[in-house]
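For reference, chains read A, B and C in written order, and residue numbers begin at 1 within each chain.
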């Protein structure tokens, strides 16, 4: 029953998003569409992180590195003359995946707060590496004068159908994370979250499963980076700061850890909140900060709890 | 032909010699009980056999294979099953899922990302069969965290059994159980032991006498006496160990 | 590279290390004793710097400003503890990260509102300004030298307190076996408050000391916080001794690393490549060290005695 309700809510949101570009111009033109894109890109990254936090119990404070890597892989690819978005996609996934494999293999020898710190360290290393890429703008970032295309068509650019490509990707990632969560793999991952020792004694190599999840999550996050480049036509190391990683955690927790739609709720809420608060008060962070604290102290279930009336924690159905 | 062969195991923690040349051999169809006062090193031994602790020297041979260097999960895949002294289950999963996960580990690869695991009939059927054997069938849908202590101990055993083990390591399965629950669990184990050889660590002497073919007495990391339950009961060294150390009988 | 330059960089490294120690000491205590991840420790440091600016502007007397700043930082820290942190000790690390993250966001914005977004400066006190002649060729700023000494003094004070006083003993016990301490009837609430208060004061003090050295700006605490975490991981969580040696190590590696990296890279690759790779490599050094420690010796170089 719970699951059906979550599914219907999600479908409703997707339908709204699908209709938005047609409806919105009547209200407020491209600005609102941009906002929705921003939210969807954030949602994609958050969904991938939820695979780690919600299903795997692995809190990473370096996840934004993958977004940055995906973005830079794409940007560098474009600057090097690669125009085909599918090729760029392969490159971005390969870069993010390899980085995840290498760093994950090391990081997953730790757990808890040490894991938090080591992922932070890797995130920082990525950030500093990106700032050192003088050929690609270094600290200031890089503006792109040409973008990727899909076999020559501009459907993956802002003028064409980028909005729908992003929406489609978000739906695909949402579906994928959910499927994975329900699968044999997901079940083992959740068991390891609850009781790694017991899971090991059932006959599972917990590290192997966690590393696999880490690599998948990294690759999915890089999608957000790639699409961001197509949308913003700009890339900067600021994508990979630890503050961005913290923001991602906020989104996931705010929406409801491990829930079906949590990451999406969280992403949209944050983006809209930032806009609304920001238009009222320039110093909106004065409200946002305490809001976060209050949320942690009193509203642990997140937004999903409010929408679906489901208590936090426990196995995902 | 012994199924589990522990050969001259040594383990130090600093200057404390927790395992001092322990050798135990368990044959097919046998139940070998390990008793001894608290602090004798029984659980440490269990950890070394399962693989969560590395011995300083010695060998552990399981079903003809030297598993001394193998990680825990590999030993389990090879057929070693274990229950914990302090109940270790998956509290947020249902009873059925707890057991189904154990079945899943031995039912092909779990690197499957798309099919819904909870609806895999073959896994659920085998899980239910195990629950039936243990007597937890009517609790199948319950969330494991809601079980009573006694039921959790049963679940502990069900999880170990579901993996179709070739050998069972039981670390104080009766811990915290009342009289009738102990008796029931002992009955279940009595049924099992001919099919699955066991190494049983226990304080509950009723269970030891009912189940064990051989008993080893462990004191301060060494086996001080070994024999049938009756022999050990009469053995002077064993008595000294228990009475002297003020252990429970 | 000349010996003089090398020596100067070495001293700079020690100075940075001394500052890092002042920040890390409080962090490792709070983390070690209460298991509390205080990301807001960095903004407490920042507030110390801003308070220094405010009080110096108000009183014109640096030393007076130091005292006032530390007092205010203490009060402020205790208020934070009472209203927010106290409720988080029992929560999981994720909650602590999020809540303290929220406080960082709030305070970074607050100082921007109160003091403006521009960077501010504070001059070192008269008697500590100027340079001192250390060797024939070596002149070094007095204030930086004083910072090193200050770090040593505080380290000594902390060491004595932790090793020889009753409170210190409780802190050490709390860092290794908190349940026991509570079971022994010690007022844990009060102990935590003391520890947190000390931590807040140290952070504030570090900020005051840093004010004449760095530019004071919103967000100045964020990046040095990360380095402080690196320090306590390398040194061993809950260990003052560990924080001391790790801070000096990190300070030296980071400072010397920046100098040496570019020149060493220049030997292997060309100068333009070196200028690209050098700084990046230097920034990464301390993180590589931390990652290595986490993998090889996760309890740190000098874990508190009794800790596993």
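By definition in this document, contacts are C-beta pairs under 8 Å (C-beta built on N, C-alpha and C of every residue); 3 or more make two chains touch, one makes a residue touch a chain.
Since we're looking at a predicted model, the values are computed, not measured.
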| item | value |
| --- | --- |
| By mean Cα position, the chain sitting nearest the middle | A |
| Reference chain C; chain at largest CA-centroid distance | B |
| Chain centre separation in whole Å, for chain C relative to chain A (CA means) | 32 |
| Whole-Å separation of chain centres (CA-atom averages), chain B against chain C | 49 |
| CA centroid of chain A to CA centroid of chain B, Å | 43 |
| Chain A to chain C touching residues, read off their complex | 53, 59, 61, 106, 109-110, 112-114, 116-118, 120-122, 124-125, 128-129, 131-135, 242-243, 246, 249-250, 253, 283, 285-286, 288-293, 295-297, 300 |
| For the chain A and chain B complex, residues of the former touching the latter | 179-180, 182-188, 190-191, 194-195, 197-206, 209, 212, 313-315 |
| Residue ranges of chain C in contact with chain A within the complex | 37, 84, 87-88, 91, 93-95, 97-99, 101-110, 112-113, 222, 226, 229-230, 233, 275-277, 279-280, 283-284, 287-288, 290-291, 294-295, 298 |
| In the complex with chain A, residue positions of chain B that touch it | 50, 52, 71-74, 76-77, 82, 84, 88-94, 97, 101-102, 104-106, 109-118, 120, 143, 159, 163 |
